[in-house]
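The two complexes that follow have subunit A in common; it is paired with subunit B in the first and with subunit C in the second.
Entry: the complex of A and B
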């Protein structure tokens, strides 16, 4: 006991720094956001804010736009989480193959999107998928490959606009998944695969019965992070579609941003964000609990 | 292990409590600070005048000789050509009249500008004075961002000498929070070659004539006779109003019975009919090429839009060489009532709460609204004066494209002035867009928008 206390005294200066940062930049804004959600908040003169009771939260459940935004946020998770995960694993397996040379080069290439700025890649996709013959993709499909007769108004229709948003999300996130799995794959002893080979297992069987079970802790971590990221997605929609056409591609995050910074309705925006926080917590809670429980010993 | 866990929990809780308490403490400090904008804090006073006996207002108006320099932060979103006039002519003139005041002008990007302003004010670093889109003023005033101007010298005189429509944009709850700086509207701009191709020698006088021309030119290939830049209120209103549509009652208190009246439904249906007939250019739903590119041709592509509507900046930005004799400005064709009703735009000068140099900034506002500067800006940039004397100045006749705008202003309407203007305009635009995208019938879309807007107007 005394020893433990002494140890704490020794490390406390280091802990305090992290604690202070967390308090200042995570816990305080979180508490303040919850506080704001109960007010018709005036951001310039907070002292004049009127209490709103639960009316902001009531509005969340009656606003038809919330339904659209929730649908888009959930679709974002349903499409891009498996998309990034599968693309990432496939890339990792490909690079891991014995016959592939220049491993570092490929790793770098696929990791570049991850470290590029969201704004830059979003604008890049916006130009690629521009309407009319001016858009690169349209030019490619219509004028070079002659696959379609008329250029597609990618960003003018809900379905195709969402498709563009999903594509950029998957393209940008796959590299992150790949790097994590590359590290995990390297830690699996080769002997297991050799044994499987001797027993006549095909590569697919080896992957399903050896690789996947052994990287399960990592998979849980990756999935939680991807779900978290998908539900919290913001920049891709903000920069590519601005929620259009007709607000039909708004995500919960872009919609609450619009409420706060275009309509100056910070109370309502905070209420949405509190609900969003609860949603993410609920979606990842079961997986959170299992994290770190199952250690795999080789 | 369990004990140490409890211990960390305890530390976290204690630290959290301490933090909350200290946060409350700092909040109290913040509460005290707004009074500084009323009575300048010692530091602000020191920076304004070296001798503590001088009151701030005296320091700004005293003799220039031994006075310290003050710098006024001025935000604007002038275009490139306009900024050049501002920096090379207007500001040097001001600084030679008031040697003790320096104007530090910052050109802001127009995208997300309202958010940047809000962030700056909330963060306590607003500019002193800003040229602001006049549809924002009442909302910014409602947020508490702006200073009420009646206390400044000669404020009433500036308002009295400005056009009423532009003055009213500064109103919030019966008080004025800015002065009008410039105004504008949109007129029809025709590509003269395509106008001739459609079979006309001069601009059409009525909507029916325009529609005939649009049909003519459509027969000759991939041409569009009418270009509406989008379904938002800035692009769409002029057409909707000219065809007999209305947004609210004349006092801006109610939309039901106006936005969804039979006349409004008919106006919207008429324009939608043009769209289905293929007379409207792609920009109505965000298609390419854009309005200017389609009218003038772009990157080796021939012009395909016979007409667009736009403000005087179309001519001042492109320059006489590419517009005079090629692009024809004209009052929009008249609707059923024999007139056309375009949309009024414009900018106001506003002073911020928390401005460090409000008095010097006000001097700049007085200067910018003076007849001399208003005429100068009109001549050099095509901005239409809000100052009544300046609008009558004979020099304005030299600007060849300006007369159409002045004529158009006589029958132009303003967009619904309200602190909720953003929400109202979005609701109207969404209703129009839903019709053009085939998601709703005109009547249903306008009924829905009208009831939403009633709520925004009563808030």
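Entry: the complex of A and C
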């Protein structure tokens, strides 16, 4: 007991302020958010909120829009996580090659989308994929490359609108994956590859049998972050499609935002967000476990 | 054969660059083109005379400079406080023993997986009870508070990879834990801190939803909101909007260029991922 108190006294100068802020602005709001999900919450006069029991959660499972939003959120993860991962790792492997010059330059340029503002980039893609011949992408496809006969109304159809949202997400995120893998690749001793080369291993085999296993903790970290980012995506849809056409590109996250800040149904929005948290946790669970386990020293 | 391969790889990288830089080139071209009433056609973008008029106009319009300054103040203080506090916390978790440490840390990590967007309502009520709504200190507190967990998680791994033997020389000289922290852990983690500074700067500079909710009066707004307003007020002034966007991107690029040397060295492949 004495010892514990002494330990707390020693650590508190480093911990107290940060802990207080985290309690106030993360842990408490989170608990409160879960609490709110059991109420028909009244934002103006919280004390008059009526208890809702489980009805908000029942609503989550009966609301037809949830089906659409869940589909879009899952598609977002299924498309953009491998998309960013593959693009990022291919870039890292290319730049890392012995014969490639100007490594710093390539890394810098490919990282520019990552540091750009989400709002700016989203609007930028919205204009690039504008309707008719004014849109740059239509102009390229129809008038320059002659790949299609008529301009596409990209944001008018669910499929193509989702495609634009995925493209911007992959475009913006690939550089992040690249930078992390570049750092990791540099730390793998060259001797391992030389040994593989002497044994006659092809580069692809060396990649699968040497590189990937060695960077597995990083891969887990990257995948968790990408899944988390895909399921929590917001601004892309908010700024590019606004959920349209006819709410068919809403994500769970944009849909719950709409419920909260357009319809002021905070109880229902909180219930969706609790379910969203469970979903993210479930999707990343296997990777989360492997983070702690494999730590490779070399 | 080898030569062909090298050329091919470089060609691939150049094609990639076109995909990455193309949209930015389009943005720059549009911002330099004057006819703002409709989205300028691609032919017009190529052939029209270029002018910096949109930049001058964007900079002078709608208190843009004020918003720019607001963003710098908010981001600067957020960066300062969050780097200081998160390195202290990471040090506490990395090199102190106390009951409940790992449980607390696991709780921290758990919060990273809960969607952040719904926290806004309770966060707002807390600021309201502190009478900090619509103030810079309120917004900064909120940014710092909600970012600490992630930064602590990130830094703890780096601190734990620093060999404890390094501490001995300080102990022999009679230095305490704070001296160890200041003269060993901070200097040796500069790459990690630099990386964190880039992430933190960008996240704060770019933040939209919270700033929109917390800052009520017009004079207190930050840049992302100003950009959104620009869109609303000058709906068809595409060149103006992109000029404003480019001005807003410049500080992030500068910060990135300043810290990118550190960024390179930060090896995130292991260590930082321990829970």
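In this text, the second predicted complex is superposed on the first by the 290 of 298 C-alpha atoms of A that agree within 3 Å, B and C clash if a C-alpha of one lies under 4 Å from a C-alpha of the other, contacts with A are read in each partner's own complex, and residues count from 1 in each chain.
To be clear about the criterion, contacts are C-beta pairs under 8 Å (C-beta built on N, C-alpha and C of every residue); 3 or more make two chains touch, one makes a residue touch a chain.
Since this is a predicted model, take the numbers as computed values, not measurements.
Student: So, A:153: does it touch subunit B (first), subunit C (second), both, or neither?
Tutor: Only subunit B; A:153 stays clear of subunit C.
Student: With both complexes superposed on chain A, which partner does A:207 reach: first (subunit B), second (subunit C), both or neither?
Tutor: neither
Student: For A:19, using the defined touch cut-off, is the partner it touches subunit B, subunit C, both, or neither? Pick first, second, both or neither.
Tutor: A:19: touches subunit B and subunit C.
Student: In the superposed model, which partner reaches more residues of subunit A, subunit B or subunit C?
Tutor: So, of the two partners, C touches more residues of subunit A.
Student: Report for A:108: first if it touches subunit B alone, second if subunit C alone, otherwise both or neither.
Tutor: second
Student: Give one of first, second, both or neither to describe whether A:45 is in contact with subunit B, with subunit C, with both, or with none.
Tutor: In the superposition, A:45 contacts subunit B only.
Student: Could you say whether A:136 touches subunit B, subunit C, both of them, or neither, answering first, second, both or neither?
Tutor: Second partner only, subunit C.
Student: Can A:123 be said to touch subunit B (first), subunit C (second), both, or neither?
Tutor: After superposition on chain A, A:123 lies in contact with subunit C alone.
Student: For A:228, select first, second, both or neither according to whether it touches subunit B, subunit C, the two together, or no partner.
Tutor: second
Student: According to the stated criteria, A:4 is in contact with first (subunit B), second (subunit C), both, or neither; which is it?
Tutor: In the superposition, A:4 touches subunit B and subunit C alike.
Student: Which positions of subunit A sit in both the subunit B and the subunit C interface?
Tutor: Touching subunit B in the first complex and subunit C in the second, residues 4, 8, 19, 27-28, 43, 46, 130, 133-134 of subunit A appear in both lists.
Student: Mind listing the subunit A positions that touch subunit C in their complex?
Tutor: 4, 7-8, 10-11, 13-15, 17-19, 21-22, 24-30, 32-33, 36, 43, 46, 91, 94-95, 97, 99-101, 104, 106-113, 115-121, 123-125, 127-128, 130, 133-136, 139-140, 143, 171, 175, 179-180, 183-184, 186-187, 215, 217-218, 220-221, 228, 231-232, 234-235, 253, 256-257, 260, 266, 269-270, 273, 276-277, 280-281, 284, 288, 291-292, 295-296
Student: Quick one: which bits of subunit A touch subunit B in the complex? Just the residue numbers, please.
Tutor: Per the touch definition, subunit A meets subunit B at residues 1, 4-5, 8, 19-20, 23, 27-28, 31, 42-48, 130-134, 153, 155-156, 244-247, 261-264.
Student: Quick check on the complex: what are the subunit C residues that touch subunit A?
Tutor: 2, 5-6, 9-10, 12-13, 16-17, 19-21, 23-24, 26-27, 30, 38-42, 85-86, 88-89, 91-92, 96-99, 107-108, 111-123, 125-126, 141-142, 144-146, 148-149, 152, 177-178, 181, 198, 202, 205-206, 208-209, 224, 227-228, 231, 238, 241-242, 245, 248-249, 252-253, 256, 260, 263-264, 266-270, 272-275
Student: What part of subunit B is in contact with subunit A in the complex they form?
Tutor: 3-4, 7, 11-12, 15-16, 19-20, 23, 30-31, 34, 112, 114-115, 118, 121-122, 139, 143-145, 282, 285-289, 353, 420, 422-423, 430, 433-434, 437, 439
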